[in-house]
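So the structure is just underneath, and the comments pick up after that.
Just so it is clear, A, B, C, D, E, F, G and H label the chains in written order, and each chain counts residues from 1 on its own.
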Amino acid sequence: MRESRDVFHLAIPVYDLARTEHFYVRQLGCKLARIYDDRITLDFFGDQLVCHKTEAPVGGPPMAEELDLYPRHFGVTFRQAADFEALHYLCVERDLPFFRPLGIRFEGMVEVHRTFVLRDPSDNLLEFKHYADPRMMY
Amino acid sequence: MRESRDVFHLAIPVYDLARTEHFYVRQLGCKLARIYDDRITLDFFGDQLVCHKTEAPVGGPPMAEELDLYPRHFGVTFRQAADFEALHYLCVERDLPFFRPLGIRFEGMVEVHRTFVLRDPSDNLLEFKHYADPRMMY
Amino acid sequence: MRESRDVFHLAIPVYDLARTEHFYVRQLGCKLARIYDDRITLDFFGDQLVCHKTEAPVGGPPMAEELDLYPRHFGVTFRQAADFEALHYLCVERDLPFFRPLGIRFEGMVEVHRTFVLRDPSDNLLEFKHYADPRMMY
Amino acid sequence: MRESRDVFHLAIPVYDLARTEHFYVRQLGCKLARIYDDRITLDFFGDQLVCHKTEAPVGGPPMAEELDLYPRHFGVTFRQAADFEALHYLCVERDLPFFRPLGIRFEGMVEVHRTFVLRDPSDNLLEFKHYADPRMMY
Amino acid sequence: MRESRDVFHLAIPVYDLARTEHFYVRQLGCKLARIYDDRITLDFFGDQLVCHKTEAPVGGPPMAEELDLYPRHFGVTFRQAADFEALHYLCVERDLPFFRPLGIRFEGMVEVHRTFVLRDPSDNLLEFKHYADPRMMY
Amino acid sequence: MRESRDVFHLAIPVYDLARTEHFYVRQLGCKLARIYDDRITLDFFGDQLVCHKTEAPVGGPPMAEELDLYPRHFGVTFRQAADFEALHYLCVERDLPFFRPLGIRFEGMVEVHRTFVLRDPSDNLLEFKHYADPRMMY
Amino acid sequence: MRESRDVFHLAIPVYDLARTEHFYVRQLGCKLARIYDDRITLDFFGDQLVCHKTEAPVGGPPMAEELDLYPRHFGVTFRQAADFEALHYLCVERDLPFFRPLGIRFEGMVEVHRTFVLRDPSDNLLEFKHYADPRMMY
Amino acid sequence: MRESRDVFHLAIPVYDLARTEHFYVRQLGCKLARIYDDRITLDFFGDQLVCHKTEAPVGGPPMAEELDLYPRHFGVTFRQAADFEALHYLCVERDLPFFRPLGIRFEGMVEVHRTFVLRDPSDNLLEFKHYADPRMMY
């Protein structure tokens, strides 16, 4: 388990603060915390996500095939299947951009888990997971 | 607050698994969870850090001036000052590589906080924070 | 004590959604949750505040003497003095509109408590309290 | 989530302290905390409700059609469906005055929730909710 | 520790329901939960006290010397000294009837604790304790 | 809810310390905490029970019809039905002396609950309860 | 219940640190905490296991019949059946060395429980249990 | 942290059940849970200690110099210094047999901790610890 009163924080690059707020707050259901000219901060499932305004890459957004889940992505692993399923349902209902649909990884192994990946407006990849065995969450 | 039984997870690139384990486990005091040929997973202050083996950049490690804390870094914001101070003490005592020493950000503002930044063997930047006002942790 | 996973919710009238968001999110440090054309919802110290767009009264805002703390107001009673004090400090530093400055009520009685009251842009009155004896919080 | 040791407090107008106590304590099952000549305080599902004695409006109680759930009402959103259902059952069994019967709002949307509304003896409206997705509780 | 969601319950004899409510609710600061013709129930520091209407003994209330703390009494042992001290302060300020003033028992032994005893209107004796060593609370 | 780190304590008369220990520890599954010549203390479902050695009444134990559940008895109200049922099962399996078998009180009312009562070797009556609606536990 | 922030610690003899790490971390899914030349420490289901490098007995490992579960063994008793079952599944799937397969002890008694026992590379015996009645966990 | 509702269990050899109960319950302040002819079980600081009756070694108890803290011992690491200090005080006041007096280990290192060791009547060694840095508790 983790200290519930501490907070993990992650800083990521985003191309447009308004589109970022739209994706994370209006669509994904996170909460907007603080607003500055060059960044916004979010309560992302109880942790802090700091979105720094960055220049978008020249030449427009990459094609899906050009993006790689590895080595960089982030997200939340839910302890309760119901929380994982509620989020997946929200993502489908609100038509959020999926990078990878719902699937299973490490099938046949003790660390088997369900997972799906979203793509935010700045091509950051967000993975959400639920493990069959909670001890495998690390 | 956050759900203490959920876990934030972050995937980062690392150049050498043995050096990564040395830094995070032996030096930083995190715990090693799972080991594969191409990655290791860590219990990082209660959240999951997945370190993916990646090719180191040609030309050797960047100079400190070439590294930028923005837009990407990660870490933990401690609720209790004692936890923040204990970690800083550990980092000094064990001579961990600092990218930025202990300092204060947003001084004079309600969101003032203490912070220091480490540099891991793969040039990932880790920031640890403690806010004067816990409501500013987001 | 209360169930930490339940949420108290309060619906209040507001005259202007943008000014409301500015007051509650940028100034008071609450978090913006959901946005509609006719209302916004906020994570208000962990409870839900729903701000409904309403017609402002004809004749402009009342004078302070015309507003009455009774019978309607709302707010939070903090268990920890440090949380109460941190919020008061924030309100002073950010120059929030006070309706009543920091003071003491029921002095000399067991239910003595410190209190201050803010006035939001729609003339809703927000009272924050800290009791000397936590059993008097009800 | 919210700090379980803090308490939300709301001050509302009531016309008659005895009838108020009857409704909230004997009927709704809340607990009576403190009693003064001009107000009573209640432990309302773990939060504080302060009922201030106020003059009833001339001309008797409004008709149901004259009351409006917007913009003012308050209540509790339950995390657990069982708690919501137990309360609804109590309200039906004890024949409490309903302003709106059990129904569903925002159907077809992620923020769908069940709700019912009571009317207290002073025409304050109390809404109780349960969301399909707990992240929509704000 | 104990299960915080369970409740200890105790049934005691009382001679007069109104005087009992006055003592426990108005004076001691407990909360009134349910009211019947022959009993009232109280939220007594988080546990349930059920006060059953009983015939008062013929010949009037006993003298203090006739009452014995042993073998029957009840109360709460506080984990935090501050809670114990706040209650004692309330009892002194509100002039509650003490059966034994604040004192120390088992002095010089590991199970040393501070204690005071109240006498309710029906001659039930209430003891409140705080131990120097919390492991001695059992 | 109640403070899980506080402890309710009750002092009761017992006729024989060895028989008391046998009943509460070996049979009922409570834990023995401290032992003196004239009393023993028990961890009774997380609260403290202090059993004071007292003279047994002349003429032997009362008949069941002579004992009265009112106005004095004590016990635990379980939040979880499973805990209530596990204890009842233990009492039946271990053939503990029942004063009242498993039954329902206040049937047809919101405060309906299941209950059974044991009789300890000193004729103290122990009632264990489980309410359909947890808000009725007070 | 126990203090979740305290930790039970046990020191055991192991013959080979690398084999020990393989068993406890790679196979059993515990986490490696600290590494010295003569010992390693593990986060063993939230408690601390300290494995001290010791000389293996001359004559090779004992036969299963030579090992005795009594009087020395250690392990975890799970409150939730699901946690017990998940661990047993992991042990079977990863082909961990069982000393005793899944079975039932004290059948027909209130303290009935399911149990299985593993044998680590140094012939330490690890027992994992789940009781039908949680009050029998002590 | 660990799951507060799980329990670590340890089985140890003891030579005499009565002397064991005297040491652990009357002296050390643990609680007696279950009693059989060949073992007793204890609530040892919230975990389970099962003491199995075993033949004492021929030739009487070893001299202190013959006993070795390594590789086998057990105990509790306290999160709070106050809990560690209260226990040490109890051990001194009640004149428990110390194997090692209060001292400091790993001085000058981040994993520095205070420790003392007791010797039970069966020559089992019990170590109690408190770390300066809680992250070093594993």
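As a working rule, a residue touches a chain if its C-beta (ideal position, glycine included) is under 8 Å from a C-beta of that chain, and two chains touch if they have at least 3 such contacts.
Here the structure is a predicted model, which means the values were calculated and not measured.
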item: Intersection of contact partners for chain F and chain G; value: E, H
item: From the options B-G, F-G or A-G, the pair that copies D-E, where over half of the contact pairs coincide; value: B-G
item: B-D against D-F, pair bridged by the larger set of C-beta contacts; value: D-F
item: Chain F and chain H, separation of their C-alpha mean positions in angstrom; value: 32
item: Distance between chain centroids, defined by C-alpha means - chain A, chain D (Å); value: 36
item: For chain C paired with chain H, centre-to-centre distance based on mean C-alpha positions, whole Å; value: 52
item: Contacts with two or more other chains, residues of chain C listed in rising order; value: 1-3, 29, 31, 33-34, 43, 46, 83, 134, 136, 138
item: Which pairs of chains touch, using the document's own definition; value: A-B, A-C, A-D, A-G, A-H, B-C, B-D, B-G, B-H, C-D, C-E, C-F, D-E, D-F, E-F, E-G, E-H, F-G, F-H, G-H
item: For the chain F and chain H complex, residues of the former touching the latter; value: 25-26, 29, 31-35, 43
item: Touching residues (chain side chain D, partner chain B) in the complex; value: 1-3
item: Of all residues in chain C, those that touch chain D in their complex; value: 1-14, 31, 33-34, 41-43, 45-48, 52, 54, 69-80, 83, 111, 127, 129, 134, 136-138
item: In the complex, chain D residues that touch chain F; value: 29, 31, 46, 83, 86-87, 89-90, 93-94
item: Footprint of chain C on chain B - complex, ascending; value: 1, 109-110, 132-136, 138
